[in-house]
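Presented below are the structures under discussion, each in the form of C-alpha cells.
Same chain, two partners: chain A is paired with chain B first, then with chain C.
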Partner chain A sequence: MAKQLAFHFDASACNGCKACQIACKDKNDLPLGINWRRVAQYGGGGWLPHPTRPDLVVANNIYAYSMSVACMHCENPACVQACPTNALTKRADGVVLINQDQCVGCRYCEWACPYGAPQFNEAKGVMTKCTFCEDLLAQGQNPACVDSCPARALAYGELSELRAKYGTENAIEPLPAANLTAPALVITPHRHAQASSKGTGHLLNGEEL
Partner chain B sequence: MNVREWALITFTILAQMSVGSFIVLGVVHYFVGKKSGEKQADELSDRALLAIGPVLALGMAASLLHLGNPLNAYKAVTNLGTSWLSREIFFGVLFAVAGAVFAVMQWKKIATFQIRNLVAILAAVIGVALVYSMAMVYMMPTRPGWNLVTTPLAFFTTTLLLGVLAMGAAFVANYWYVQSKNPGCASEQCVLLRDSLRWFAVASIVLLGFQFVLLPLWVALMAGPATASAAMLVGEFGGVFALRLAFVFLGAGVLGIFLFRAASSPGQEKVMGTVAYLAFALVLVGEVLGRFLFYATATHFGLQ
Partner chain C sequence: MSDQDILTQTLNATPMTRRSFLKWSAAIGGTVALASGGLDVGLKSAQAAPAAEAAPAKTGKWVTAACWHNCGGHRCLNKAYVVDGVVVRQKTDDTHPDSPDFPQNRGCSRGRSQRHQTFGVDRIKYPMKRKNWEPGGGKKELRGKDEWVRISWDEALTLVANEIIRIQGKYGPGSIVSMGSEMNRTLTLFGGYTDVWGSTSWGTWLDSGPILGLGDGLTITSHNDRLDMRNSQLIVIWGENPAWSTQGNAMYFFQAAKKAGAKFIFVDPLYNDSASILADEWIPIRPATDHAMLLGMAHTLLVEDDPKTNPLIDWDFLNRCTVGFDKDHMPQGVDPKENFKDYVMGVTDGVPKTAEWASEICGIDPQRIRQLAREIGMNTRAALLTGWSVARVNNADAWPQMFMTLGCMTGHIGKPGHSTGVSCWEKAANGGPNLVDAGGTGLPSAGTNPVKSRLNNNELWDAIIKGKYTAGYKDVKDINIQMIYHGGTGSALNQKVGMMKGIQAHRKVELVVSHSHFLTSNSKYADIVLPVTTQWERWGYIKGNREVLIWASQVTPPLYEAKDDIWIAAEIAKRLGVDPRKVDALPLAQQVMNQIKGAMVTKDDGKTREPLVTITPDDVKGLAEQGVKVEAQTGRITLTEFREVGQYQVARKPGDKLGFIAFEAFRQDPAKNPIKTATGKFEIYSKAHAEFVKSKGWTEIAPIPTYNKAIEGYEDTFSDWKKKIKGEFPLQLVTIHYRRRSHSIFDNIPQLREVYPQEFMINPADAAARGLQNGDIALIRSRHGKVIRPVFVTERLMPGTVMLGEGAWAELDDATGIDKAGATNILNGAIPTGQGHQGWNSCNVQVEKYNGTLEPDVKWTQRIPVKGA
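Let's look at the complex of A and B:
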C-alpha cells in the first residue's frame, strides 16, 4: 500500500479546459458552489519599450498559465490539526478524508487550509472535500480528474516515485508557499511559472473559484 | 457578515466579559476582605457574582449558532491534542463548571472562606486559559491579520475592560439596592462600593490607555503580512473603526473620569449610577464593533 498518495500536475501540458473540474463535479455529484478540483488561472506581464530601441519598439511579455488545484492530501495537514471533532483524518495511504457524521460544521478547517480544499455544504451543514476518489481507487481505477484530462496533464501515484520522476516542485503561483502544510503535489512547471509569493502576476479567475 | 459571524462576536465578547468580571470581582473581594473582613467582602460581591453565570451561558448558547451541525457540538472537545478550537471549548465548559461550583459554594457558604478562595482562584486560572485559547484559535498562518501578538493582547484587554465596567454597573445596581434598605446609605457597604467604583474608574482609564497603544500597533503589524486587512480597516471600514475608538474613549476615558469624581463625593449617587451604566454600555458597543472589525477585515493566505 502506498505511504503517501500524491497528484502530479503538468502545467506545461495543461490548456485550461477544466475537464478535470467538471469530471470531479460530475463523479462526486457536487452542488452549486462546491468544486473539489478547480482550475486557477494566473497571469501577468504588460507592454514595455524594447531595451534596444525604446523609441521604436514596444514589445509585450504577457503570460498566462493554469493550475489545477484540489486537496493536496498534505503530509502535514493543517485541517486535520485544526478540526475539533477529529472528523478529518489522514489515512495510512496519505489520503485526507472527512467523516461527515463526525463534522460539527464549524468551518475551522476552511480557515486553516491554504488551498481552499475543505468546502462547506450549506444544505447539509457540514464540510466536504476531495476524497482522491478512494472508491475508484479501491476498484483499481484512477481518480475521475486524472482520467478526464485530454492533455494528460494530471497523474497520481506514490509521492516519492512522482518526485523521482518529475522533481520536487510544489510551490508555483497562485499556490501559496509549501512550508505551511507540505502538500503531496508534484508540479511540472509551465515555462512562465512564477514561484510562490514571488509572482509578478495575479489570479485571473478568482470569482469562479 | 452573517448569523454565523455574529454568533462568534457574541460568544467571544460575552465569554471574555464573564471571565473579566470573575477576575475583577475576585480582586475586589480579596482587598475588601483584607480591609474590612470576610462578611463585608461577601456582602459586596455575592449579588454581582450571580450575574456572571447567565452572561457566560448566553455566550455559549450563541456559539452554537455558529455551527452548521450543532448536534455534533458535544464531539468538539475530542481533539485537545492539536486543535485550539477543542481547547477553547474545553476550557469554556470547565470555566462554566468551576464558576458555577464556586457560585453555589459562595451563595450557600459551603466550606471555609479559604477553601472557597482556592476554588475561585482555580476558576480564574481556567478563565485565563479560556481567553488564551480563544486567542490561539485565531493564530493561524493562513490568517495573517489575526496571526499577530496583538490578538491575545487585545483579547485580554477586552476581557479586563468589559469585566471592570460590567462590575461597575453591577456594583451601582447593588448600591441602589443597599440604599433602598438603608436610606442615606451611611453603612460601611456604601463606602466600600463607592471605593470600589473609584478603583474601577482608574482601571478603565489605564486599560483604555493600553488599548490605544494596541490598536495602532495592530494596524502597523498588519500592514506587512495583511496589507489588504489594514487597508480595509482604515478605508472601507474606517467609519466603523472611528466609531469603535470614539465609543471606547467616551465610555472608558471621559465617563471614567466622571465616575471617579461622582464616586468620590457622597450625595452624587444618581450621577454615579447613570455614568457607570452609560460607560458600560458605550464600551460594550465599542468592543462589539471592534470584534466585528476583527472578523470583517480578515484575509486569507493562499487559495480560498
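Let's look at the complex of A and C:
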C-alpha cells in the first residue's frame, strides 16, 4: 500500500481558537479570502419551558464542538480527477499538490472537493490549496498548524499508524460523508459528535467561514 | 471516472451536508472577490516581501519577539522570522519538546498576527495636527471628523509644550488629565496633573479581594497550581470562558485536570467554548445575579447540613479560620445580630434566602441550586474558580466576599484538590507565586505628583463636562479640565464606560494629545497625534508567567518617524525647562539588563532561590560596549542561552516541590500564620470592607455579603418587578473578551477581522420575537447609546441575554448617533458605584431590526489619516 500522510484531529480538545488557521495563513502568506485551514463549529439543542415555573426556561441538550478542517489529502481525491489540465497531482506520500503553472483557473476542483479545500486566488487567476507544509516536512519540521495548536488537537503521520492509534473515524458533522473521496483524516470525536449526514444541529459559524 | 461523474456523485451522495458546505464555500467565494477589490487593506510590506512558501530557514533569522498586550492570556512565546529586515513569518514556542507537565508556551491567533500590527499599512507614520486646531481649541466640535495635517516632530513637540505651559498657567496644573505612563513623569516634574483611578479588568476583586483575605486573583492568587488541580474531583468554573479570555496554555491545563478525572460544572449565561470542551454540566444563569444564586446555595447548605449524617459544611474551618459567619464568631465590638448566618436564614430581615428566593432572581430551578450546593459539599475535593467578569457589575462590591464565604463554608481552601478564588490572566489554571521572576528595572521614580485631584473612571467624562467630581464620602469638588493627554498606546476613550459622554468631553477641552500606533479612538478625537514605536521596535522586553520568563529582542528599527514614548516625554520636558535626564532617567537597554540580572528562579527544594542568569566577564565587556553596565554573576543559565532561546521555563513534574496549595499553612495553624486582614482570618464580616466602600462616596454596603441589586442588572429590565412587567430595555447585555482583540488592540488587523466578525449574539426566542435572523443587522439600544451589528442567532446563549465583544473601535455617525462598529462602551453607561470599578456586565438594552446595510468589518477601509503621505 502506498504511503499516505494524514492529519489527526482531536475534536474533544479543540476549543475553536483558530490559532491553526492564522498560523497557516501566516506561514503561507495567504491573502484575505483564502484560508487553507478553517475552523467550523457545529452544535444544536434548544430551550424548553419549565414544567411549573413560567418565568424559567430549561436548556435542552445544548451542545457545540469545533472541527479544524484543511485539505484532507484524500486517498481518492476528487480535485485531482476533476482537473482538466492535470495541475493537481497526488504524490507518493499521499500529499495532494497543485502546480500553479499548469492551472488555468477553471475552478472545477473547487466544485468537486466536498471540503472546500482548493481556493481560488482571483488576483493570480489560479487555484491554491494546503500543501501539508511540504517545504517544512522536507526540512524535518512539522506543518505550521500542528505546531501552533494550544489545545494540542492537531497531529499528523502515516494514515495507517494514526488509525491504529486513534481509530478510523473520518466523518463527523459538519463534514460530508467519507465515502466520496476517502479523506486522509483521523478524528477523535467530541463527546457530542454526530455522524456526517445524520446530524441534528447546524453550523455555528457566522459570515467568517 | 469523469469530471461530471465525481461532481454528480458528490452532490447526490450527501445532500444535507453538501448544502451546508456550499454555504460555507459561498462565504469564502464572497471574500475572495473582496481581496481583489482593490481596497486599501492588508499588509503591504509583507506582500512585497518574498513569499514564505520558499523555505525560509536558510536566509533569515528567528528573533524572539515581544507579545506585550494586555490580553488576559498566559504570556506566550512569540518568534518572528526576519529576512532582510522584513518579518515574513511567525511561530510560537518550539524551544523544547512538548508534554503536559512541561508544555510549550504556545500563543494565540492574535499574537500570531503581530507582524500585521507592527507593519500595518495604517500605522501612524508622522506627527499630525488636526487641521482646524489652534491654541484654545479651534473648532472643537470637529474633533473626530476634521482633516489631518502632517507636521514635523519639532513643531509637534513645541506645540504640545507651549500648550501645557499656557493651559497650566491659565487653569492650574490640575486642569491637565493625563492617562499616559511616561508623560506622567514629565508632568509630575512640571507641576503635576489630574490622575485617573478605578479598577478595570479586576472588577471588585482588585480591592475587596485583599481586604477580605482571598487576594485579587493576579498579584495574590488563592487557587492552587496546575498540577494540584489534577487532584480535584470537581472544578466549578463560574462566569468565565478561559478559551477566550485567557488564551495560551490555560485550557490545556484544564484539559489535563479533566483527563485526571475532574468533573466540570460551568455557571454562565453562555454555553461557551471552554464549556464545550470541559463541561459535564452547564448551569445557565442570568447575568449580574450570581450573588443571589450563592445565597440560595448557602441557605441550602445550612438547612441540609448534618455533621453526622450529611456533612456539607466544614464547621472546623469556619470556626478556626473565619470571622462573622454566625453570632458566636463575630469580631470584637460589633453587634452579634449582624452575622451572615442569620441574614441567610432570614432572622435579620425576615427574608430567608432560600433556593426559591434565589431562583426568582437568577433564573435557575431551585432544585438545581440545591443540587449544586450538595455537590460542592465539604467532602468533595472541589476547586471553586471564577473570573473577574462577575465582579464587573454595577454594585458588585459584596460579590468577592460572597464567593469567598461559600468557599469557607465548604472548606475548599488550603488543601490539595481544594481551592476557592479567581483563576485569571497569566495565573489562569495555575495559582501561586512565580517560580521565576524578573528583577527591577532600576528606573528612578520621577517623584510624587503634586496634584491631588483624581477622577474615577466612572466620573471622568462627567467631571470634564460638568466640572465636578466625587473626592470621597460627602465630598464633591470642583474641577476644570482643559487638556486630555493620552500617553501610552491604549484607547481610554474607547475602553472606559460611557463613551458617548467621553466624546462630548473630548470636544469640550482646549487640547487633546494622543500617542499611538494607529488612529485609535483616542487619536481620532485628538488634536495632536504623535506616532510611537511598538515593542518590536525597541531594544528588548521582559515578560513571563508563573513558570516562564521571556526575553524579547528588537525585531526591527523604528518604523517611519515613530519614537519611543519616553523620548517624547523627555523632548517635551526640554521644552518645558524640565531636566530631560530626570524623565528619561535610564536607557531601556540598561533597564532590561537590570531585569535580567536581577531575575531569580526557585530551586528544586521549592524554598530557596538563585539568580537565573550567569553573566561572564566577557558578557560584561560586550554589554559595556553598548553602554550597559552590569556586574558578573553566577546563575542557572548563560546570558547567551537566555537571549538565543528567548525564554527560560521551569520544568515541572508531578511530585516536585514547586507546587502551590493556597493558604495551606494558614489552614493548619491560623494563629501562627495569620492572613493579611484586620483579624488575620477570612472576613465574612468586614467592617474595613464596608468602610472602604463607603469612603469612596457613592454606595454603602453591609459588612457581610448581602445581596445588592445591580444597577442595570436583571431586576432593572422590568418596569414593574412585582408584576414582572418588562421595561423599555428588557434584555441584559454581557460584554465579553472577544478573540479578535486584546481589548482594543488588534481590532484593525484585517486577517483577524476576517475570522472574527464582531457578531451580536442573541437567543433564537429573543431573535424571533424581533423578526431577526442570521445575517440581519440589529440596532442595539441602551439608555446610553446605539450600535448596529450583524446578528448571530445562537441557542448557546440564555434567553434574555445578549452578547457583544468589547473593544471594537467605535465608528460613530454624529448625525444618527449610531456606532456601526459595535463598541460596547457606547452602550455601557458610566455609573459610579461602590469602590469605583466599571460595571460592564450590567447593561440593559433593547434590540430591533435595522433596515440599513452594514458591510462586514473586513471590507472596511482602514484608518489611514494622511492619504499618500
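Methods note: the second predicted complex is superposed on the first by the 194 of 209 C-alpha atoms of A that agree within 3 Å, B and C clash if a C-alpha of one lies under 4 Å from a C-alpha of the other, contacts with A are read in each partner's own complex, and residues count from 1 in each chain.
Please note the rule applied: contacts are C-beta pairs under 8 Å (C-beta built on N, C-alpha and C of every residue); 3 or more make two chains touch, one makes a residue touch a chain.
On a predicted model such as this, the values are computed, not experimentally measured, just so you know.
Pick one for A:Val126: touches chain B only (first), chain C only (second), both, or neither.
first
Please indicate which partner A:Tyr115 is in contact with in the superposed arrangement: first for chain B, second for chain C, both, or neither.
After superposing on A, A:Tyr115 lies in contact with both chain B and chain C.
Determine, under the contact definition given at the top, whether A:Ile22 touches first (chain B), second (chain C), both, or neither.
In the superposed model, A:Ile22 contacts chain C only, not chain B.
Would you check which partner chain A:Asn86 touches, where first means chain B only, second means chain C only, and both and neither mean what they say?
So A:Asn86 only meets chain B here.
Could you look at A:Glu161 and tell me whether it touches chain B, chain C, both or neither (first, second, both, neither)?
In the superposition, A:Glu161 touches no partner, neither chain B nor chain C.
Please tell me which partner, chain B or chain C, touches more residues of chain A.
So, of the two partners, C touches more residues of chain A.
Between chain B and chain C, whom does A:Ala13 touch in the aligned arrangement: first, second, both, or neither?
Second partner only.
First (chain B), second (chain C), both or neither: which does A:Gly105 touch?
first
Touching A:Ala151 in the superposition: chain B (first), chain C (second), both, neither?
second
Enumerate the residues of chain A that count as touching chain B in its complex and touching chain C in the other.
Common to the two interfaces on chain A: residues 38, 40, 78, 81-82, 84, 108, 111-112, 114-116, 120, 122, 174-176, 180, 209.
Which part of chain A faces chain B closely enough to touch in the complex?
Contact set of chain A toward chain B: 38, 40, 69, 78, 80-87, 101-108, 111-116, 120, 122, 124-127, 174-176, 180, 209.
What part of chain A is in contact with chain C in the complex they form?
My answer: residues 12-19, 21-23, 25-29, 31-35, 38, 40, 43-47, 50, 53, 55-59, 62-66, 78, 81-82, 84, 108, 110-112, 114-116, 119-123, 131, 135-136, 138-139, 144, 147-152, 173-177, 179-180, 190, 196-197, 199, 202-209.
If you look only at chain C, which of its residues touch chain A in the complex?
These residues of chain C touch chain A: 1, 3, 6-7, 9-10, 13-14, 16-18, 20-21, 23-25, 27-29, 31-36, 41-42, 46-47, 51-55, 57, 88-92, 94, 98, 106-109, 112-113, 115, 243, 247-249, 251-252, 255, 271, 273-274, 276-277, 282, 284, 359-360, 363-365, 724, 739, 750-752, 754-757, 759, 763-765, 774-775, 790, 792, 794-796, 798-799, 856, 858.
Report the residues of chain B in contact with chain A in the complex, numbered from low to high.
Against chain A, the touching part of chain B is residues 4, 66-70, 72-73, 75-79, 82-86, 89, 137, 140-143, 300-304.
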